[in-house]
Amino acid sequence: MNKKIRITVWNEFRHEKSNPRVTEIYPEGMHTTIANFLSKEVDYEVRTATLDEPEHGLGGDVLAHTDVLIWWGHMAHGDVSDTIVAKVKTRVLEGMGLIALHSAHYAKIFKALLGTTCSLKWRESTDKERLWNTMPAHPILQGIGDYFEIPQEEMYGEPFGIPTPQEQLLISWFTGGEVFRSGATWTRGNGKIFYFRPGHETYPTYHQAEVQKIITNAVRWAEPTVCIPDACPNSPALEPLPEDPAAADRPTLGYK
Amino acid sequence: MNKKIRITVWNEFRHEKSNPRVTEIYPEGMHTTIANFLSKEVDYEVRTATLDEPEHGLGGDVLAHTDVLIWWGHMAHGDVSDTIVAKVKTRVLEGMGLIALHSAHYAKIFKALLGTTCSLKWRESTDKERLWNTMPAHPILQGIGDYFEIPQEEMYGEPFGIPTPQEQLLISWFTGGEVFRSGATWTRGNGKIFYFRPGHETYPTYHQAEVQKIITNAVRWAEPTVCIPDACPNSPALEPLPEDPAAADRPTLGYK
Amino acid sequence: MNKKIRITVWNEFRHEKSNPRVTEIYPEGMHTTIANFLSKEVDYEVRTATLDEPEHGLGGDVLAHTDVLIWWGHMAHGDVSDTIVAKVKTRVLEGMGLIALHSAHYAKIFKALLGTTCSLKWRESTDKERLWNTMPAHPILQGIGDYFEIPQEEMYGEPFGIPTPQEQLLISWFTGGEVFRSGATWTRGNGKIFYFRPGHETYPTYHQAEVQKIITNAVRWAEPTVCIPDACPNSPALEPLPEDPAAADRPTLGYK
Amino acid sequence: MNKKIRITVWNEFRHEKSNPRVTEIYPEGMHTTIANFLSKEVDYEVRTATLDEPEHGLGGDVLAHTDVLIWWGHMAHGDVSDTIVAKVKTRVLEGMGLIALHSAHYAKIFKALLGTTCSLKWRESTDKERLWNTMPAHPILQGIGDYFEIPQEEMYGEPFGIPTPQEQLLISWFTGGEVFRSGATWTRGNGKIFYFRPGHETYPTYHQAEVQKIITNAVRWAEPTVCIPDACPNSPALEPLPEDPAAADRPTLGYK
């Protein structure tokens, strides 16, 4: 197949400008780091978009030309316009894939698609995270062994306020004593959604090979098969129906 | 147990005032018909609320004192205030049960909880509907046989734009040749959701015994076990953590 | 409701006779300890059965008169007769609840109902187990907080070879660095199944209050609503069918 | 990718020899018809196997060299050896895909993987079957519209004794008034399973384009990602554990 998978990596891109620790790790922003490793796949065509661009970089036909959207947000979820969120939601339901990273558990778009609080426990400290592979046959986990470790990461702990995942891919162990469903999938409409926990801005998580491998795999998994716009059609019968004795009285109902 | 299950039956209550055919079937409104049959259960405490009341009848502590909310809406989904929808959603995620009837597939609250389009095919005609019981052990279907029929109903047809149900309870056959997932459940946060298809306003569906039985059963099934407000706590470690060599440099991060 | 829930606690009951450490913890067998705490519920009627009784204590009408079966096995899964396993499976599919404890992940009956290997990692050592509550509204977890700890337990680790649970209730953290889906539910036919991880024979786990609470809750959750024997009926049409031009040629087919 | 998908089409192959009507439709057996249309895909490598061959045609390394197994059985499920069923089950749990056609709902292998009765209603008559597409984005349904019809087929009706499908793909409408979940998927271990209802031996169903398209798509969907043999390893700790004060007393336990 010659067709490329068109990826848009969306990043809030504020920590990188205000926190020197983050700037040091991601001098061009997390989106650039992510775009760079994805671009190594010959069939991936990658662009980026950030919060402070006009329409958050998602205006015009960007979404229409995006097969898989990757989303990283954290401190400024409230600054994302409801109009853009509605457009992204429509595109996911039509078929676009969505990969929500780390604090995107609290992104408007993630919460709107899952329908729940998406709340969790958290702690910024010196925890090590060990992610266990609970579904080794899943395409997203190919190349990942029984587990992998991130030397230092923010802790996210259960209960995680999500609907029971369709597929449960990764569960994290944290030094401080917590566990977390760190990789999980859902289908919403025609679109596939993958949530992947790691990626706190103050750690070099997106430079780590296993993390890059999982995101790279997830793009291929989330590639759309279709683009089906929403419709709620009035449909004629396919089989003979009885006559309606009350038809003459029936008012014409035009709503729906 | 002496505690009563507190039910609020919410109805748009507009067809009944404007369409003589509907007025004839439900002279006091569908909500009153539903409240009346539910009130026969000695442990059910039933109130009603309608769209054109202040705050749609759901202001003050009504939701806080509601265990199970039943929702019927059709022609005026857009008139339901987003503020009220947000309050109802919060209560469901805390634990309140929700029973969405018929055209409530398109109610803002239903779509917000499921995250999808909830679109479908439809036809107002002379179809008979036969609902097949696909999960005879489920509490909601006790007292219902292999199937039951509704002599005339609006057709709803697949594809139905919902997430795969957690439990698939009923599938409808229509004379005109369509099928539909007419009874299905989901969990969202601490709340249980049941969608039940029948109930077009121009037919006496809510006067039918099987329909009443299912709604009555569903209330008991949807009764909350808990009321847990949303929280996203910063949590101290439960196990010893290593020292952070970079702690002195770490900026204090107050967001989340 | 006056009707009692009839519980059979099944135990392999061999470790208790051969290992002095186990004898000390469970002098009358684990089944007796479990039966004793369950018997405190006024509506629970509890009996026990063990491997070395005739027909493993499950002959005659024992299963027909059991609403919820609790199963603990470990070293002697292979000694359980396939005939008895088939009878238990039939009863679960008819409606009986099944609670599989600890090493019962490898019991013939559990594997036959789930259809998978049910394999896992394990280690007998000095791990502490902390069980996180991932579904605080679930009836089985009422009275359990955010988490509880078992001071010392055998480690079970992911990947756990189960179908994705219908409800994911508990995830364990172990000192040695592993995680495990320690509480999960499935529906099979008309019966409800709960797997609960803790309970290695060399630790006093079934004397611990939280463990007793969860098993006690699970019995009530697993109580059957129905008893429906298996059937695969030849069913006459409910709607008119066209004539079959080839009917005269059609051989009578009696199989199925 | 140059690697071919290796398919084995298994057929009971008895009706074709004993029933002239079936012989006329499938003179070389249904397996040959299915193998022929699958062989049009350049990356599919197809072989067949039948019940009355030695080891049912599945001996030696056939299963080890099969990526996707297609299974059609009806009148002779009981003649399939339990040993072969166990081998097939092991291969599915390792990663092999399984496509169960029509009466294979009652095949030993299908029941063993799903864990339920897999019973249903049935009728051989003049029903038309209309299959509705409930998940138009699914890879298995690409090229299939909103619905397709089979002019005459055996009726299968709900309730269908299966665990709630992971993905609900097709629901059938029958002239005689029934509905059926005609396309559904499950994951068992590392293997993917697709059940597809149509294919009664006395109708030319496997000659129909939509049916061929779905089976062709399903093979690609079910292709394994891995082959992971079952294991239940004793695993050393990854983190430091406390000393065990009772270690000296602890008997060595060699079971599991």
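The first chain written gets the first letter, and so on, giving A, B, C and D; residue counts start at 1 in each chain.
By definition in this document, a residue touches a chain if its C-beta (ideal position, glycine included) is under 8 Å from a C-beta of that chain, and two chains touch if they have at least 3 such contacts.
Just so we're clear, the structure is a prediction, and the values are computed from it rather than from any experiment.
Asks: What's the chain with its C-alpha centre farthest out from chain A?
Replies: C
Asks: Which chain pair is joined by more contacting C-beta pairs, B-C or A-C?
Replies: More contacting C-beta pairs are found at A-C.
Asks: Between chain C and chain D, what is the gap in Å from one C-alpha centre to the other?
Replies: Here the centre of chain D sits 27 Å away from the centre of chain C.
Asks: Determine the centre-to-centre distance between chain A and chain C, using the mean Cα coordinates as centres, and give it in whole Å.
Replies: Chain centroid spacing, chain A to chain C, equals 36 Å.
Asks: Mind checking the centre-to-centre distance between chain B and chain C? Centres are C-alpha means, answer in whole Å.
Replies: Once rounded, the distance between the two centres reads 32 Å.
Asks: So which stretches of chain D touch two or more other chains?
Replies: Answer for chain D, listing residues that touch two or more other chains: 130, 136, 157, 164, 166-167, 175, 177-178, 187, 189, 238-239.
Asks: Which stretch or stretches of chain B touch chain A in the complex?
Replies: 19, 21, 74-75, 93, 106, 112-117, 119-127, 155, 157, 161, 163-164, 166, 175-178, 186-189, 202, 230-239, 241-244, 249-251, 253, 255-256
Asks: Within the complex, which stretch of chain B touches chain D?
Replies: Chain B residues touching chain D: 130, 132-136, 146, 157-160, 164-168, 171-174, 177-179, 181.
Asks: Which part of chain C faces chain B closely enough to touch in the complex?
Replies: Those residues of chain C that touch chain B are 95, 130, 136-139, 142, 166-167, 175, 187, 189-191, 224-226, 228, 238-239.
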